[in-house]
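When the chains are written out, they are named A, B, C and D in that same order, and each has its own residue count from 1.
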Amino acid sequence: MSHNSFGHLFRVTTWGESHGPAIGCVVDGCPPRLALSEADIQPWLDRRRPGQSQFTTQRQEPDAVRILSGVFEGRTTGTPISLVIDNLDQRSRDYASVADRYRPGHADLAYDLKYGIRDPRGGGRSSARETAMRVAAGAVARLVLGPGVSVRGALVQIGPHPIERARWDWEEVGRNALFCPDAGTVPVWEAYLGAVRKRGSSAGAIIELQAEGVAPGLGAPIYAKLDADLAAALMSINAVKAVEIGAGFSAAEFSGEQNADPMRLRDGEVVFGSNNAGGILGGISTGQPITARFAVKPTSSILTPVQSVTRSGHEVDVATPGRHDPCVGIRAVPVGEAMLACVLADHLLRHRAQNPGPTQNPSQTPC
Amino acid sequence: MSHNSFGHLFRVTTWGESHGPAIGCVVDGCPPRLALSEADIQPWLDRRRPGQSQFTTQRQEPDAVRILSGVFEGRTTGTPISLVIDNLDQRSRDYASVADRYRPGHADLAYDLKYGIRDPRGGGRSSARETAMRVAAGAVARLVLGPGVSVRGALVQIGPHPIERARWDWEEVGRNALFCPDAGTVPVWEAYLGAVRKRGSSAGAIIELQAEGVAPGLGAPIYAKLDADLAAALMSINAVKAVEIGAGFSAAEFSGEQNADPMRLRDGEVVFGSNNAGGILGGISTGQPITARFAVKPTSSILTPVQSVTRSGHEVDVATPGRHDPCVGIRAVPVGEAMLACVLADHLLRHRAQNPGPTQNPSQTPC
Amino acid sequence: MSHNSFGHLFRVTTWGESHGPAIGCVVDGCPPRLALSEADIQPWLDRRRPGQSQFTTQRQEPDAVRILSGVFEGRTTGTPISLVIDNLDQRSRDYASVADRYRPGHADLAYDLKYGIRDPRGGGRSSARETAMRVAAGAVARLVLGPGVSVRGALVQIGPHPIERARWDWEEVGRNALFCPDAGTVPVWEAYLGAVRKRGSSAGAIIELQAEGVAPGLGAPIYAKLDADLAAALMSINAVKAVEIGAGFSAAEFSGEQNADPMRLRDGEVVFGSNNAGGILGGISTGQPITARFAVKPTSSILTPVQSVTRSGHEVDVATPGRHDPCVGIRAVPVGEAMLACVLADHLLRHRAQNPGPTQNPSQTPC
Amino acid sequence: MSHNSFGHLFRVTTWGESHGPAIGCVVDGCPPRLALSEADIQPWLDRRRPGQSQFTTQRQEPDAVRILSGVFEGRTTGTPISLVIDNLDQRSRDYASVADRYRPGHADLAYDLKYGIRDPRGGGRSSARETAMRVAAGAVARLVLGPGVSVRGALVQIGPHPIERARWDWEEVGRNALFCPDAGTVPVWEAYLGAVRKRGSSAGAIIELQAEGVAPGLGAPIYAKLDADLAAALMSINAVKAVEIGAGFSAAEFSGEQNADPMRLRDGEVVFGSNNAGGILGGISTGQPITARFAVKPTSSILTPVQSVTRSGHEVDVATPGRHDPCVGIRAVPVGEAMLACVLADHLLRHRAQNPGPTQNPSQTPC
């Protein structure tokens, strides 16, 4: 058990604060002999990197990752992979006043309640800066999953504005700074976020994830169900308040026959007529695409003043100037993808530990 | 790591199949010297027990729990508590045909894909019967939390019919068989479920949980956040497809200032003007009530035929006769409560391991 | 983390007290489709069963194991295997006086110091009766390892009397009640133990274990080394005070060239000229036989009075009448074997999770 | 589960290779508000540092530790503590020949068998260089234990030469480069080691550890016994082949009455007449000093040629020139101390999680 680790066999431990000298992670359990260099990780970090548009924090961090262990002559050795990113743009300023006031909606108060001490510089450990290491670990997880598995995500709603799903185009996600799969919605969001920024506010968002090519059989009932582990992984991302798999909350309104994805055979393989299950039944992957969504609340560090209290016991109105994301949900897209990749890699290892044979085709199982 | 265990310091391991001789669990890590007897557990099991209304399965199980270890002269000894419930009403019938057909929406196929074998009798391990042991463990967890903590739940939606929240009355929950907090909605649900049953279908539901009296400071960032562990615990319940904390998905539509719960001081204590956070900030409890909701899909075992395939590789239409809950969400209320209680008990132990002093009042912290 | 569980992927959780209604264990993570019935477990339990000679406790327990879950039609399903043994011969007698006095050398005092309560009936949880469940789990572990792996043990010393290693005969171990591999030593031990019993004393012992046919590559450095896990597993057995692998303490006196087992090739396979390493280098199995030894202290429940104190704070001399093993080390042989088998099964699963390919032959590795 | 982590609540994850750019560790679960700076760690590292006498490797490493996270203004924050040491003296030389030959007694072969790849530079991950991070973590563990707990160790045997225990003087340990508590033995060992070095050989050793001031009640039966966890922690140190607690193997020769440490009362506290138990009964600390010993085999990297094989499948004689410790057991003293400190810190946290009250005095327990 470790508070700052996740996964069991593909196990990631992260460390570091927003304004400390560096952040890092240790990826343990990675299979040996995988080709791995910084070039396999950096592109994913670049997608999450701050300062790339007016809708994310203006903090300038190259987020250049270094591999300090676990790789020899370009291949993983099976020993722990240590990844480090130096913090370069920690503005030195007086944080004494910040240290005394709790930002409403932020973890400030909670950390102090728990530990009786906190690092107030840029949010310390509770900063979303930590998520860079999740993205780095996710890049390694993608190598474990192999090229046959595709893990990707998109923003499907900002504030009250959802995309139009009929216009979904995965190619479009890479063309705009908002990870939006619907070109028609991009200007709507840009206008909305512009107004949000102007009035010193922030916006929430909903992210959708999909993994294709996932082998059936991943997930270990009862308490290591694939969807349970995925729910924890996504809920652990900063500012996330909700997670759903497949049809999610909508399933509550379905009838049994609407909800049950019908099965047919095509070339001896099971194919499904729909995917309300999100690719997971009984906590186990079925071979259908894994689909999940999660909601990110609006950034709590805003210019608009909100009633709060100080550590020394006074009431105060807190407005938070600084370089904050007006919509932290945007950069949550690569983070969510990374968490999904890590969960899948972990379950791939767990599955083959208990089930050494090839994943079963049910129509061919002899037993 | 164990697939069939949850919690870390208050740790529960369950075993057993729907139609095996018994089901059981081992609760490890329970503090010593707590008064505990079967009478502390049985009432909670009775709330979940099948056969109590026409809207739950007609299987007759007294669900009488026995304590086989860990208690001496009415007090816990700190050693593992073994709890067992005998299965009495496993109807013996030919399950050969069932064994060959995969019920759409059910875990049948997934278990077979994973293990190449499954126990088809009543769903085997994937049956919701397993949740009885969660409720039993939850009863022990309540004792760990002590009388100052109240953990309760209610059904807030069945199919397309939500309750009217203005009429919420916790007392009402115990007065009807549907765990409904709104007396006015009970007849609506009864009529709806009656129709659902009559046409051989099933209905989904949404459950809301609340824990009051939870000390601030519980939850261990980054990867053992209270809400992340709670999300996993709830998502691990059979048929659950979505989980949200506090405002949940609604938070995506809030502005930053709407979402941030304002803080004031009352008698030196922090009080909040709202609870969009659901009592959890940065993964740590704040002292506000913990609130969560989860969605349960409609029962997949229904009389209405759905397209499916057989193990031997043929297409088939599957209708599932038997004694199934038309709305498995109803009995998920005590199960959800139990999972919340277990997560809180586990985090209480985890918190005091790292933080031996009393939980801090931030306005008094001297450090 | 669970105090009463061991192993990670092949994971065993035990419960129960010496004089409670039953003892049991849950074996989680066992691969599916293995043939398993009570008949695969009972013979191993019979080897450990009390009352079989004058040198073990006279408590009469058939130790008949029942499988309550995890097996369907004679095959494991991949779900948790629940094993239970009823306690039949718990003599009802007044244990009030026992409850107040701490037996020197026994866990009585320590449990009370830790928990502030203990179950004094027959030692409660600290009784060696718990080891029956280790043997049961070990029987399942042997099936996971398969017929190619042989795990066996023998007693090599009782009190001051070691066997003569030149006369070692594995066949002899099954022919005498003392698990002695040296026929010539059996009468020596019988005479010695007879005298020990007569004067109300007890004797210690040393057990040697060997596993042949273990694949190379098992063990996960740095902190899950095969020998580290084995050391913990053996040290966790009641009354064990020392563990050594291969040459063990003797290695401290060797020179480097004496200690290093020389390697040659035979038919393309590496063969070793000696086995000081006990089959483990760097925490990883090499393919040589795994060898280990552990020391069991003399039973602390003896008729000879020893100075002690009472719970209520008085000095007292404690003599412990009852049905105790004069040499608890005898029955530790099957227990030690079981722990070795469980550790190997766990590491087999762990290894193949990270290393999906076949275990490497170093002279054929292409990478 | 992580292969490269140990401890559960006080949890240490190490990473890094002998000749990579750096080695490091993450210490998670450390209580907040402890005063901690590099100056608290460096002195312990200096005791283990290479190049301090002719009897340890001549590699020159300042082993200067840096704290990269988890500390704010000189106090721990409860978040993960990242510690890093740069590798400075990695001699660049051709290791191609080394990479092809397996040093007998070394982990070379085993790593290759397991992973099909290894980092041959200085032993890579299997190098004893990793133990520097154990010492660093141990320094933090000492702060968790507090000043009332003293953890120390000494070398008690090198090759065939044990110390004379009657001359034991803890002060002497710090006065010589061999951690010898017996001034009279120092010249004996120096002469012996000088001869060993001269003939290109190496020597084994035995280390003894002691922890005083440990609260009673630490250790969690059955499978997290204090001695079981200690056995694993010590056996995980490079080159260790044996571990014993208290009387250890000697206990096998004792009679029951010799072995059982008699108890008397002094000022209401339990005092023991001897300490064969090594301060641990039933896996739980009793308040007596914890004592343990472990054996370190002679360094396998020696100049004397030993028969071996190559990766490409040829027989060869291997002599290992280089800067190796002729007796790796010497520097194992601070490493063993660190492991003991870490195990105790972990169990202190585990104990108070389950047992929130003060550790019990048995003669005052009211329950």
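Observations, loosely collected:
Definition applied: contacts are C-beta pairs under 8 Å (C-beta built on N, C-alpha and C of every residue); 3 or more make two chains touch, one makes a residue touch a chain.
Owing to the predicted nature of the structure, the values given are computational and were not obtained by experimental measurement.
The remaining chains, considered with subunit B omitted and nothing else moved, are all joined by touching into one piece.
Across the two interfaces under comparison, A-B and B-D, the one joined by more C-beta contacts turns out to be A-B. Between the CA-based centres of subunit B and subunit D the separation comes to 44 Å, rounded to the whole angstrom. In whole angstrom, the spacing between the mean C-alpha positions of subunit A and subunit D is 38. With each centre defined as the average position of its C-alpha atoms, the distance from subunit A to subunit B rounds to 25 Å.
With touch defined as above, residues shared between interfaces to two or more other chains in subunit B number as follows: 1-5, 8-9, 14, 29, 32-33, 75, 78-79, 114-117, 125, 221, 350, 355, 367.
On the subunit A side of its complex with subunit D, the touching residues are 1-5, 8-9, 11, 13-17, 20-24, 26, 28-29, 32-33, 66, 68-70, 72, 75-82, 114-119, 121, 124-125. Those residues of subunit D that touch subunit B in the complex are listed here as 1, 9, 29-33, 75, 78-79, 221, 349-350, 352-356, 367.
The touching residues of subunit D, when paired with subunit C in their complex, are 1-6, 8-9, 14, 102-107, 109-117, 125-126, 130, 157, 159-160, 196, 201-206, 216-225, 227-236, 241-249, 251-265, 268, 270, 273, 276-278, 280-287, 295-300, 302, 304, 306-309, 311-315, 329, 350-351, 355, 357, 359-365, 367.
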